[in-house]
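What follows is one structure encoded as structure tokens, with my remarks underneath.
For reference, chains read A, B, C, D and E in written order, and residue numbers begin at 1 within each chain.
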Amino acid sequence: MASSTTASLAASPAFTFSASTFQKLHPTEYFRKFVSQGVRPDGRLLNSFRPTTVHQGVITTANGSAMVRIGGTTVVCGVKAEVAEPKLDAPDQGYLVPNVDLSPICSSAFRPGPPSEQAQVVSDQINRVLKESNVLDLKDLCIEEGKAVWSLWVDVVCVSYDGNIYDASLTAVMAALANVRIRKPTYEEGVVKVSGVDNTDEDDNSSFKLKLARTPLSASFVLFDTSLTLLADPNFAEEAISEGQISITIDEQGKLCAVSKVGAATTSLTSMRQCVDRARERSQELRAIMNQHQ
Amino acid sequence: MSRLDRTRTSPHQLRPFFSSQNLLNRADGSAQFDFGGSSVICSVVGPAEVKIRDEKLDRATIEIVARPLVGLPGVKDKTLERNIRETLEPLILSGLHPRTGIQIVVQTMKEDGCILSTAFNAAILALLDAGIPLKSILASVTCIIDSRTNQILLDPTIEETTHAKSTHVFVFDNKVSISSINPEDVAMDEDSKEPSHTGILFSDSTGLFTEDEFFECANACFKAAQAVHGFIRTAVSKKLEKEYQQTRA
Amino acid sequence: MDRKRVPGPELSVAPLVEYPVGYKRWTPLEEKRHDLKRQTEDMRPIYLKTGLINQANGSAYIELEKTKLACGVYGPRPAKKLGGILSTKGTLNCEIKFATFSCAKRRSNVRVLLESDGFGSCLAAAITAASVALAHAGIEMLDLVAGCSASYIQIGPNPASISSRTSSSKARGSISTQIFMDADLEEEKYEQGAIVLAYMPSLNEITHVLQSGKAEGSTISKSVEYCVEACNKIYAVMHHALLESINENKEAL
Amino acid sequence: MKEAEPSTNEREFLLAALKDGARIDGRNFYDFRTLRLSFGSDYGAVEVQLGNTRVLAKVSCEVIKPYPDKPTEGFLMFSTELSPMASSAFEVGRQTDEEVLVSRLIEKAMRRSRALDTEGLCIVAGEKVWSIRVDIHFLDHDGNLVDAACIAAITGLLHFRRPDVTVVGEEVTIHTLEQRNPVPLSIHHIPICISFAFFDKGGCVIVDPTHLEEQIKEGDMTITLNVHKEVCALSKAGGIPMELDQIIQCSNIAVVKVAEITAQIQAALDADAKKRQVSRK
Amino acid sequence: MASIKTEQPPGSLLPQGPSIVLPGDLLPAPGTRLVTDDDDAFITTSTTAPVIKLGPGLLVDDDSIGAIKAGILKHTPTGNRWWVESNQRRYVAAQGESVVGVVISKSAEHYKMDIGAAQHALLGVLSFEGASKRFKPDIKIGSLVYCRVSLANKDMEAELECFNPTTMKSDGYGELKNGFAIKTSLGLARRLLDPKTLILRLLGQHTPFETVIGMNGKIWVDSESPKKIILICNAIKNSEFLSDTECKTMVKTVIEKL
């Protein structure tokens, strides 16, 4: 479909140069041509998401892991459980520490060095969703009250960046957390021990899984052009020319866990409603994908 | 039902506003805005010289620096910076000042909930004071849904926030938004009695809430934001009257 | 304290792993490898794919069972002027990172390598992947470079298991040094030395050798031989992966 | 953005005026600018205005583990990042020499002079101690940041109340402000910084220089004193050499200024305490 | 200040009374022809309607005229000009305005001047009365110069000149020797140039002094003694937010101090 549309564009007399040159020169104008016809240069409809895959347990060195692909965006999330001292004001609570890493390997747009603003913002968003919609009871991570607790380092590494990092990261985080297996610890005078026996069968009681209260999953959109047309699941190019972003995060009962809208001119409540509705369907699809790979 | 801060009687009542403009002498513009016990001071410098690497040939570069009251800035403050920048950028007519920089510094002075909203309102007052050309102004209000009563509490204190099941921050401008011209929107407005021109400039909600609750919050905050808009207008008028009392003819 | 990340506890350690009495961990007693399916000269099966990173000019993803590694190539782009000196040579900047969760102990804030199982093999894999990624990026090269690793591990004491290949072992009685190709982490624990070799198969030239630990000359020369052999095998895989990517491009057009 | 140098006219006029015994803002050489102290609703928050210079200090506390070698010693930390709000010459994440200087002086004046009894911050030896944190925010820079910051810091510490705690064996209960009245910190003495600027090869000495005066000054010195005429710190980092008796003259001036400022701080604190009592009733 | 309920619906037309506008407020000019200051291209909505000339602080947004700054909406019947009288500190160079600048550096052709705007402005070494290749004025770096903005454009540095383009005479432009300079808001500078403003006259009654007022908020003052200059500068600064009567008393008290 994409190719055909491109062809028709190139054919139309308005163009004296190739579609690709035109895209480079006037990205917005280029997109407008497509959007006006209800499609996007990559052949998607305005409200369609890119093909998505979720693979759990891809990293054996981690306690839990998942690789998520949304179109050209690939992220890997690994969860490592380590032992730490609890905070004095929360002696029976562990730590859940999500961080997203956007390194130069996944896009030339990112520079080496400390996390960029974008990386920090995504990390903070995910951290807030996990906390505010109390996905995990941190008391479950207690080993010995006031002495030792589990610290779950949830690290998301972006391998390939092509937009919509929030959806990809959150999905990876939730899939990885669902995949977490921690060996049952024993605590003796300040030392936490776990068994090193590799027990591969599913229903062994030498290790435990996390009790996740809910699984929030998100759907993101960008607002395009002065018409503020909604484009679902933006890719890199679409993010670059977007006027603003909307992200809706929903759990399996259809409860909203987060709604964020930044940038652009005022957005009508109608388009907000459209996003919520679309996010509902999308999060269902995502859950289906997650489960079939489990 | 009396509010936890004991000064308010209604869940939709805002805490008293306070503002003062032009209170810093080194900045080009400055303002302080208070929602009761929460206070944010904001300074604006620019249009001023900008580092070559940040220079934009067609418009001014807008930089936001957010500083917390306690401790060193962290990822939270980065998110705050980004939220404020992404919201102000479309309001500021940066095309009128190409190859310059506009730096906005936001400093929390007192913390009792709703810091983001307080910061938004302080920032717009500071921009007005600095005479930065703007498409429109904005006003922000925060609300929570109380986990025990399921009631929407506007402009909550920190204490009230501890009982929140969800928190919602909204920003609205003073322009009639495109949504009102959009017909199906008007149509929809009849059944769900939403103000015909409720358009959201910025929205950030976390916690656990239903779709209807979200839109209820949006409307409650929209109504409350009108009071903030009115307050900003009065504050600016007062300042101008003081300035022009000599040349009033 | 790192201001630019979501903060966690200042100090956290991996739990102490303990094994129940009588639990038998792998030891290089017989010629058996940690992975029983492999002979000493066998490598792990390689999975190699190009073009996973669509923002990159060239990219490759390589998997040797547990070792997983992604490589992206960006450029050629104009180099930053080094004191304004005009150089007739380009520069190849290389950055290798381990994902925080790639090892038993969480590494703090480093990247790219997704999971590592054995150091030598991981360097070798990195070389292979980088070379494929460069080729995929269409950077002119003399030849592909394949990387391969081997460990020297003493086996025995068990006469039965003395390798007929290592003649030197006879002299030293029951103890003999065996070459384990492409050793994994468990095996590396017992290694006395290791070699990582990078080789350009079609030119038949070695571009890089990293030998560490003690080993007899004969063992080393042997290991080099084996590695070169192995590299030729790897080359086939690389070749295949690149052809694939070309075909895919054809289809796309 | 780098600082704009004052014009020759301003420079020459300022010096001429000083020769004539006058300062640009109409002050005498040994006058401090009007000092305003205002407190927030919560404890340990104080805003200091010294003429056009504005500083906000916020004191906070948390319970942490002490260093093993000092099991009964609490912590006192200062954060003195110069915000671009005070002057666009200050960049985020780039420490200017001025910043280093200011933070050092404050460290010296407050911590090294042992103004705060850190032993008194111990809850359970080797287990739990209070860590007191003073965040100093510079809002507006019209010279003499050090003096303003020190006044803000010490006033904040005097104004601050930490939650009350009861220890029963290993059991530590930290009481909320509702449960029990919070307790003040034990402050040994009140160190005050007095900064001087020198002009005319030391022929002219002024107190509390403005930004313009700092830009043109030939040398400077900061003396930290308390009401008991004890010198806590004295720093003269470079600048023109000064006669010993000039230094002594400066310290004599400082003694007077310290008395005035300490009195004003006390008055402000008392006034605030009264206000709180009234509001509590 | 308490919370104030507003009668002003958002994005409304102008408020009544002293017509104070905020960005986003729309001018009540339905169907008018209007001509923007900079370019005389005009938007016609109805040919019969009166022509409106737009000054600073107003902008045409598709078919409506909106305020972009907070200020007092001003209008003169002559040419039917509308603009927003607003105050700010940061100077933005505008053609024809007189400013006081500081010499930052100099080259063979130009003095680079700091006039308090985002970019430095250029003052040609020949843009002085009677200046020629042979005879060029020599102004030191750091000196104050009173000059006129001959060219201002958002996309390039402003250019300055030290003579009146019509008469080619210096007209008081040029280097300012001695004296002292203070920085005030642009609004105050503008008002000081307005004869309706009392403060300068009041001061003049008590002590003779010279002053040069730059539209960029830089004000140069010279008088017989430093003390007097200081007094005048501070009086001017303090006058900004005072009424006429308050000014009178303020001036009286400071003069007595002298």
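Just so we're on the same page, a contact is a pair of C-beta atoms (placed from the backbone, for glycine too) under 8 Å apart; a residue touches a chain by one contact, two chains touch by 3 or more.
Every value quoted in this text rests on a predicted model; they were computed, and no experiment measured them.
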Co-neighbours of chain C and chain A - touch as defined: B
For chain C and chain D, chains touching each: A, B
Middle chain, criterion being Cα centroid separation: B
Of A-B and D-E, whichever chain pair has more C-beta contact pairs: A-B
Farthest-lying chain, centroid of Cα atoms versus that of chain D: C
Of all other chains, the one whose Cα centre sits farthest from chain E: C
Mean-CA-position distance for chain E and chain A (Å): 52
Chain C-chain E separation of Cα centroids, rounded to whole Å: 70
Chain A and chain D: spacing of chain centres that average the CA atoms, whole Å: 46
Averaged-CA centre spacing for the pair chain D and chain B, given as whole angstrom: 33
Numbers and ranges of chain A residues touching at least 2 other chains: 120, 123-124, 127
Every chain pair meeting the contact rule: A-B, A-C, A-D, B-C, B-D, B-E, D-E
Chain D residues touching chain B - in the complex, by the definition given at the top: 1, 40-42, 45, 47, 52, 54, 56, 58, 60, 79, 81, 83-88, 92, 133, 135, 137, 139-142
Residues of chain A defined as touching chain D within the complex: 88-89
Contact set on chain A toward chain B in their complex: 117, 120-121, 123-125, 127-129, 132-133, 228, 243-244, 251, 255-273, 276
Chain A-facing residues of chain B, complex: 75-76, 78-79, 81-83, 86-87, 89-90, 166-167, 172-173, 175, 177-180, 182, 184-185, 188, 194, 198-211, 214-215, 218
Residues of chain C defined as touching chain B within the complex: 1, 3-7
